[in-house]
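First chain A sits with chain B, and in the next complex the same chain sits with chain C.
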Partner chain A sequence: MERARSVKIVGGVLLALLAVCWMLAPAAVAAETYKIGGLFSVTGPASFLGDPEKKSMEMFAEMVNAAGGINGKQLEVVIYDTEADPTKAVSFANKLIHSDKVLAIIGPSTTPATMAVIPEVEKANIPFISCAAGNKITLPVKPYVFKTAQSDIQAVATIYAYMKTQGIKKVGLLCVDDGFGQSGKEQLLEQAAAYGITVVAEESYGKTDPDMTAQLTKMRLAKPDAIVCWGTNPGPAIVARNAQQLQLNIPLYMSHGVASPKFIQLAGDACEGIMLPSGKIAVAGLLPDGQHQKPVLMDYIDRFNAKYGSGVSGFGGYAWDGMNIITQALCGTNGDKAVLRDRIENMKGLVGVSGTFNFSAVEHNGLGSDSFVMIKIQNGTWALVD
Partner chain B sequence: MQEFLQYLFSGVTNGAIYAVIALGFSTLYSATDLINFAQGEFVMLGALVLVTLWSQAHLPLWAAFPLTVLLVAAFGMVFERVAIRTVRKPSPILLVLITVGASIFLRGVAMLIWGKDAYSVPAFSKTQAIEIGGAYLLPQSLWILGIVVLLVVGLNLFYHRTLTGKAMQACAINKRAASLLGVGTQKIALLAWGLSAGLGAVAGVIIAPITMSSYDMGTMLGLKGFCAAMLGGLGNFWGAVVGGVLLGILEAMGVGYASSSLRDAIAFFLLLLILYARPTGILGKASTQRF
Partner chain C sequence: MRVLANVIGYLLVGSAILAVGLWVDNYYYFQLLTFIGINTLLAVGLNMLMGYAGQISLGHAAFYGLGAYTTGILGVHLGWPPLVTLPCALLVSGLVAWLVGRPTLKLHGYYLGMGTLGVGMIVHVLFREWSSLTGGPSGLPGIPTLSLGPLEIPGGRPYMFVVWGVVLVSFAMCQRLVHSRVGRALRAIHFSEQAAAAVGVDTARAKLQVFVFAGVLAGLAGFLYAHMVTFVSPSSFGFLVSVRIVAMVVIGGMASIWGSLFGASLLTMLPEWLHVFSEYEVLVYGLILVVVMIFFPQGLTRGMLDLYERARRGKTGSGS
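Up next is the complex of A and B:
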């Protein structure tokens, strides 16, 4: 009896010791590494964004670590799947800030999730680089909030500037009835006048609708010089097929939301001649050799393809650029978050996958109009316009 | 006029898709009195299995089609055996909830197997869109309509002319009485699930060339198919066709003559009106006649 009791006590003490070790262990490891948090919609409706972003972030960290880390410290990434849900994004952001104690956060992939997370990172003074495109993320400028994705503003400006050179005066808009389509429509309506363009028709379609010929037929009555379709796969592919079916013969423009090989695969020969703005990544191989962004793009593409086989897209580039910015700014800061923030804000001329970043106290996106290039689908592949 | 025709064709294209999905709902309802909310997921399975057989196993479409239908029908039977028959106290609401759960489960599994991307398969016939009075109709829409009509004729013959079909109807009307008269009710239920899952797969296969196939395509299509079945009269096969085509045309006319942002609202509002006037659906018999 006495013996059994002492065994129990010893066992209990051992267990308690184990628990203490287990609790201390992460803290002990954390001191040896720089921890960076990631919040991406790896699954769910926006997985096409979050999945390559997660892969790119991990890939960047591996690359830095293989080269010896930053000032001798290894990078450690902690990534959570937000499923594009703002509520989950906020709770994971708190987890990153308070329990994982990260130095900086990259993501979320979508604008609603980003807007929900911003108050949390502002409170904690954590440098935060969003991968979402929404304009309101960095307008107005918030001290700790940055973003790497091009936005609708630059995409619409690129399309309209090109249309102006083509003498297009009247456009019809066909936007998907979700946040992406809504925000694109706002910009398309707002910027039209500045380029001498009138919007003569506004239609919408549902994300999983099987047929859009009715919308296109109605639009034909308004006689637009061009149609702009704003959506993400598979809707625009069906629009392209329907336009071919109706023999519309009106130039079709798409958003940067379909600038991936998947669109060509889905739309087949119906996508011939379609024009869209794209990050340079889709046409990296076509850029002239002296182009300043080409080496960065080719390096990213080669690494991504070598590791994951396929699926390289501009979306992953947002997280890649975010990591690039953070690690460059992190050198020599010894993990001080305020210094890290200042160094990001003063960063100039960093050539990334999305474009050239020039941050300042009034500009926390940093991308200029060179972040998009107009491309055309020709013979089943991308071609530069002009 | 040209516009009206085009809206009509657009409506018929969408409507034929809703109709073929509605048939799956009606088939199961005719035999088991159940509504299967995973029917849209059977459609999705049909489309994605076809994609795999066609693009991975390199089968020609004419061979992949029946194989897909058989595979999904077999899956429907397994589902009945595992998830429906094993319920100890099968109340209708419980079984319906099981199918709702199954739809979420199937979507998740499909996302793991086929990923989150959409896939496309070629149309059955390679010809261009057919021009009628300045409006264009895809040959695939005609394929869908033709197959729907064939299925309805076949199903009507099966349910009204064969002993098995009559036994199925008897099971729906009163399971216990049918069992007392020597009908193997368990076998009938198994057969009904196989049949309706197979019909879902047929729907998936024939609509895959028009819509794109992805793991999340089933939800909205299933819902619209259910509406079509309700509109035409649940359990009535011609009703499924009438309901589906009517719903599709209402949507297209809503886009054309009102606003595309209101298309679902207009279609569903008219649906409510029709169901208010005729609660049993356009071709449905009053339920008192069945029981």
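Up next is the complex of A and C:
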């Protein structure tokens, strides 16, 4: 009897939940809106990417709608959480395309999820702007696929160009064994010769390894002029600490993967003097006043902080730029996807958070190496290197 | 009675799929049903192992991934057609299951769980690190779509029919197996391995057989997944995927073939339904799983049947 009663209670609770579902479900929406889809890893291992991206996309839509929308039509964003799972990303991409009937899609946040979605958007001819970094996304160029995140190509070019001015000839590479490290290593090896640099040592470490002393000791024997470490937190912070403990006295370079205050926090005084390429957002306040990207950056940072308090990063900027590109291209297209695509492809000189976008038929990322600046950690904060 | 109930089950599922195929025209629903079918294959295979033979496996995603990567690698690097890569995919996942099963099935309880967990991790690391073959962490794109000779089967409606055809055939196979001598032996092992051995069941052999069978079914699911999505990456075959398959079996109901269908459908569709809760989605998802486990510890299928039985008994009781 006791049991039957509890079953009834549970049934009641489930029914109530269902009722809440119905109420929360968006009421029939007027067709007089432009629908844009978003696929971000809001939860899960890549939530540090997806969460600011989702917030930035919503913020941009609110801003456009408050200003009267596009050609009198309001923007409507439909965002799904991929949890960085390619299977979920594919499923939700098709939901966006076939059920929600969106005009364009922004995201996913990670390279594998993006690669999984690409065949679907290509089949459906939906303009698609990825927020992931992998070079494979836009190489080779696919008609409907664009991306706003900087590539490792530009990050590596920025580091090597700076090294050349410092007379560095031999480097050792220490890369994490995930997609980010893999893609970085490929670029570091490929571009070295063009800058007169030879790679004398190549080591890797696991994403969650607690100590990299062995790799650094081995690397010291190869006598490189500098060490480049390619990874995201927390690995590079451990590398910095280990290098300090070993008193390596070899200049240490990092990737843009650690261009966040978290890295300085983790590495403490061991990160003093470390150099890395970074999107301009980390050093926006330090840019000279006449710099053309500064107003865009300051505007984005102010808006984000005003609405969400903190947590502004370059990652949210990928989605912000994506929305910016789509809405600019959308004006006067009447929602024709093929025209929208052509307009994105022909867009030139659009100043965004990540850099200046110049798209063309052979370039669907559109960023140049000026999307990065070299920065140095000095007295526990970022400083521009010139 | 049992046969009749099963025939009704097949007819119901078959006609439901047919109805969706004929009356719905939305690629998204076809794809959702395809994913449910693939997950059902995974769950029913693991259910044979866990529900009937009582052997836990926390590394089932490894065989799923082996099937997907085998057909993907052969298709992308060597250009072999799916008709040729299908037996290869089944062979590789079956062979690995056999190699792994021989030593690990000697373990019991937690140790078997740990052993299979380790296998899952090793295979996952292989997918990630063997970049020249698997494309590394960022995945392997460009897998051809399914074709049987000159007959192309693109994603969407046709693919859904193929996957569900396979699911129903595998259901029939599992049912034959459960009610055969091997099936009885497996249930005996579940109850007591010593007792089973004492009455002459070759327990090691029976366990290995069902482990390989589950591995091959998972390989088949992997094959279907790879040609549906045309892209594979290691994150689709990690530890959490193994856990999700176990959850499908447990939620649906152990030792119940139709339970696997329920479990797989529920766990595949829940995230889609719960989307309206946005930030609280994960919370509600967890809540539902907890409620199901507390009130239906033997899974949904058994729980529903119990409720039905009780309701009927209550009615006749008050009538007399």
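Just so we're on the same page, the second predicted complex is superposed on the first by the 357 of 386 C-alpha atoms of A that agree within 3 Å, B and C clash if a C-alpha of one lies under 4 Å from a C-alpha of the other, contacts with A are read in each partner's own complex, and residues count from 1 in each chain.
One rule holds for everything that comes next: contacts are C-beta pairs under 8 Å (C-beta built on N, C-alpha and C of every residue); 3 or more make two chains touch, one makes a residue touch a chain.
Owing to the predicted nature of the structure, the values given are computational and were not obtained by experimental measurement.
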First, second, both or neither for A:Val90, with chain B first and chain C second: second
Touching partner for A:Asp177 - first (chain B), second (chain C), both, neither: both
Which of chain B and chain C A:Gln247 touches, first, second, both or neither: first
Touched partner set for A:Asn305, first chain B, second chain C, both or neither: neither
Touched partner set for A:Gln166, first chain B, second chain C, both or neither: neither
First, second, both or neither for A:Thr217, with chain B first and chain C second: first
Chain B versus chain C as contact partner of A:Thr43, first or second or both or neither: both
Which superposed partner A:Gly134 touches (first chain B, second chain C, both, neither): second
Touched partner set for A:His98, first chain B, second chain C, both or neither: second
Chain A residues contacted in one complex by chain B, in the other by chain C: 43, 177
Contacting residues of chain A [partner chain B, same complex]: 43, 45, 47-48, 51, 177, 203-206, 208-211, 213-215, 217-218, 220-221, 233-234, 237-238, 245-247, 262, 265-266, 268
Contact set on chain B toward chain A in their complex: 3, 6-7, 9-11, 13-14, 17, 111, 116-120, 129, 135-136, 138, 207, 210-212, 214, 216-217, 219-221, 251-252, 255-256, 260-261, 263-264
Sites on chain A touched by chain C in the complex: 4, 6-7, 10, 13-14, 17, 21, 24-25, 43, 80-81, 84-88, 90-91, 94-95, 97-99, 111-112, 115-116, 118-119, 134, 136, 177-179, 182-183
Contact footprint of chain A on chain C as seen in their complex: 26-28, 31-32, 35, 128-129, 131, 136-139, 141, 225, 229-231, 233-236, 271-273, 275-277, 281-282, 284, 288, 291, 295, 307, 310
